[in-house]
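In the two complexes that follow, chain A is the common piece, with chain B as its partner first and chain C second.
For the complex of A and B:
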């Protein structure tokens, strides 16, 4: 276990691009010094963009009539740092990774970027009021899953620093070792967060409870009448990964690119014939809740597609709360 | 690393109107690269993404059978921007293709059984592929009696009329064609597919059924099949939904926890029964 100030840790990472929460919006952006990095308790936007850019070119072509003119973009495979992710975010990137590497098809764009990343994850001694990561098995405000370097804030200045992968360990090797006093303080910080985190959201069997309620008018009634279909929940969500693919012309060049999309939009499933299998907000909000709390686990095994970061709860303009959805589902299923 | 989003170039060899209303055109494509051609190994029921660069991409069932040689056949309804662009293509034009994608009709499971193929309207593309695959001389003896019940609104809207004409001479095939209303010169059945299927009454003994068609046809065909004794695990269908990636990543075409693009498009009715689905 090591100990460092923000600046000392930043120096260990020299030579690599560092993305961290900055500015008023706390968006993850490239920084050139440790002073620029904000250390907020919660970050309204997730670091997903560093791994899955909102807009990503799949390939360029000069001539639409000549498919042999397709050229793939170069992906920078130089190591880069994403600093200040929370444990929920690191878990979310692992979940997206499951999708992008499952089955016969591997998404090289994501995989190359994910493998090049150094994930500096900060534990949460003071979870945000909407957070409920502790409600998911194996997760919590100090879960190290998906990190390369794990930080525990000791005070305003210093962090306890742990290399959680070989890559992370090598980078922080030059830092001074933590004293017993530091380690004890770290443990106290951890306990503070673990004690505070909301573990009351039922998640263990929720995939089956949700399945049973799929056709329940009563259950979805309250939720969907309020939903305006703005899609904000999907944009702030660290684990929402759905995308659209489009072609466009830029000057004399063309490209095909993918762009974040949202299951909350009517166009998401609108077919050319005019048929839409999800014609109203009822089917759309149901799709999101089912994907988060049921479909993903049924498909990929042990984990849900929700990490309990609370961002969708905080941003929803009409107060739709996934925690309540889970609690109501569990109560009705009993 | 292979890029599953990158289409491979194909050349349009031939294109012609398939229906008299000139809404549907058939397209025969040839893969340009000889090495890539060998890798395009498909079975009946699979689909591919056709790319008109600058316009976009859309998924279509492969209407040819791998037993027919190298040319890939697609039959496409002109209805959106990509299909409009496809309809404007001329022989010699080049576009992109990604595939083959998805699963296929369980032809191995069909061995030793009778097969009932029920199709309606435009949804006969992969059924054509299926029957041509099954009737291949190298394979035909492995299957029992085959019954095809295929209907369209009017004679001119039946797809693959030359093939249907040729199949009329096939042994061990009962080919029943039907149209919605009487028409001059029509010698087949008149009526919707479900009652015509009921009247045809193929045996469900040691038999599988494959059904593709508009939702309303499927809805009324399933009870007829049940009445004839087909259980849900013996009835297969092929689903469609809006798709983008076609490889299980973009999150669009799910029914319950399955993706039509990688877990389908072919499902048994028993499999569909287990899913919570928006269809």
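For the complex of A and C:
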């Protein structure tokens, strides 16, 4: 176990691009010094854009009629750092990884980025209102899964630093060892977070409870009338991975790119015939809740797609609260 | 005040005058109020009225009426004006909606509030018209008022069936125009900088559009892909086009309720821009949105004797 200030740790990572929360809205962007990095507390937007950029070029082409004119974009495969992810975010990237790698197709864009990344994850001694990662089995505010370097904030200045993969360990090897006092302090911080985190959201059998309520007007009516159908909950969600594919003409070249999309938009399921299988917000918000708490687990086995980061809870302007949805579902199923 | 609101709502539901009353209820996170849809007279107890009842409810009114329901709504000044615009645009008839008008003392900006107080988990919070507090820390409500509410000309509903509480005077035209004048006095470069800086942060979640009662097109220009008016990505030009396009579609229709600004996750300030727009509309066309329900917004009508000097 090592100990470091923000700057000391930053120096260990020199030579690599570092993405961290910056600016007015704490979006993940490239930084050139430790001073630019915002405090790890609140991150309204998730770090997923470092792995799945909102706007990503798939390829360029000169002639729409000629497949041989396709040129792949240059992808930087050099290692880079994503600093200031939370344990929920690291988990979410693993889950997106499942979708993008399992089955017959592997998404090279995501995989190259994911493999090149060094994930610096910060534990949460003070979970936010809305956070409930501890409600999911095997997860919590100090879960190390998916990290390369794990930090525990000791005070305003220093972190306890642990390399959780070989890659991570090698990078921090030169840092000084933590004293027993530091380690004890880290344990106390950990206990603080573990004690505070909301574990009250039922998740164990929720996939089946939700399935049983799929057609229940009574259950969904509580939320769908007020859902505005914006994309905020999906855009801030670290584990939402849906995208749209578009073609753009630039001069006499073309670009095919993908952009984040959201199941909350009417256009998401609009078919070329004009038919829309999810015509209203009722089907759309139901899709989101079902995907997060039911479909994914039923499809991929053991985990839910929601990681309990609480971002959608905090940001939804009309108070749609996934914790509440789970609790109501469980209560009705009993 | 809230008792009176509940009483009217209860009577209307019991009499069958309305099928649903749209108002605000307690949210599940600190400092939040959420829109609620009351259909049973006994549920009116869930209605609340406090400075967190920020959003404009007129969009829901339209949606519910089109779904075939008789709608009642608890409306602030801005909600009532948006209903006025929707009436002027013939979206529904006045008889389809019953309005409980509540003069508004101004709503707070929740994002500013959260920044002021930081992480408030587990502490006791309260918000009333005088002060907002967390544990033993307290600030005045005035301090965290939304930008839009600071320059509100019509806090008292313009259209209503029942008015609950004393009328409240809005600000003068001069006061209203201040942020707009500041914006318009900037030179071109600075204004452009303002636009590029702020719109450049947009993540295109379209929450601003969804929160706006007068953004109700079946197909938004930004969603259309045949023709495709703009690209869907993050190029600054497209971000600019999207934001200016949305705003431009609100000329003479926006009531400056501030909902778009309040929901934007990227804190894009719309108040100055929208205030400037309404100032122009007032000066050019002698029109304030949502006041007269029988007068279409200026850009939706024409006069055969219009000299149209700017074209010649």
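Heads up, the rule we're going with is that the second predicted complex is superposed on the first by the 333 of 334 C-alpha atoms of A that agree within 3 Å, B and C clash if a C-alpha of one lies under 4 Å from a C-alpha of the other, contacts with A are read in each partner's own complex, and residues count from 1 in each chain.
Heads up, the rule we're going with is that contacts are C-beta pairs under 8 Å (C-beta built on N, C-alpha and C of every residue); 3 or more make two chains touch, one makes a residue touch a chain.
Owing to the predicted nature of the structure, the values given are computational and were not obtained by experimental measurement.
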**Asked** Which partner does A:235 reach: the first (chain B), the second (chain C), both, or neither?
**Response** second
**Message:** Contacts for A:323 in the overlay, against chain B (first) and chain C (second): which applies, first, second, both or neither?
**Reply:** second
**Prompt:** Looking at the overlay, what does A:315 touch: chain B (first), chain C (second), both, or neither?
**Reply:** second
**Request:** Scan A:246 for contacts with chain B and chain C and give back first, second, both or neither.
**Result:** both
**Request:** Please indicate which partner A:59 is in contact with in the superposed arrangement: first for chain B, second for chain C, both, or neither.
**Result:** first
**Asked** Counting only touches as set out at the top, which of chain B and chain C does A:196 meet: first, second, both, neither?
**Response** second
**Request:** Using the touch definition from the top, say if A:254 reaches chain B (first), chain C (second), both or neither.
**Result:** first
**Larger contact residue set on chain A - chain B or chain C** = B
**Asked** Is A:103 contacted by the first partner chain B, the second partner chain C, both or neither?
**Response** first
**Request:** Return the residues of chain A at which the contacts from chain B and from chain C coincide.
**Result:** 244, 246
**Prompt:** Once bound in the complex, which stretches of chain C touch chain A?
**Reply:** 27-30, 32-37, 55, 59-60, 64, 118-122, 201, 203-207, 209-211, 223, 231-235, 262-263, 265-267
**Prompt:** Residues of chain A touching chain C in their complex?
**Reply:** 23-25, 27, 41-42, 44-45, 54-55, 126-130, 196, 225-226, 228-232, 235-236, 244, 246, 248, 257, 259, 262, 265-267, 313-315, 317-321, 323-324
**Fill in**
Residue set of chain A touching chain B in the complex reads 58-59, 61, 63-68, 70, 72, 99-100, 102-108, 111-112, 211, 214-215, 241-247, 249, 254, 256, 258, 261, 263, 268-273, 277-278, 283, 287, 290-291, 294-296, 298-299
**Complete:** Within the complex, chain A is touched by chain B residues 1-10, 32, 51-58, 79-80, 83, 93-96, 240-242, 244-245, 247-252, 254, 256-258, 262, 276, 278-279
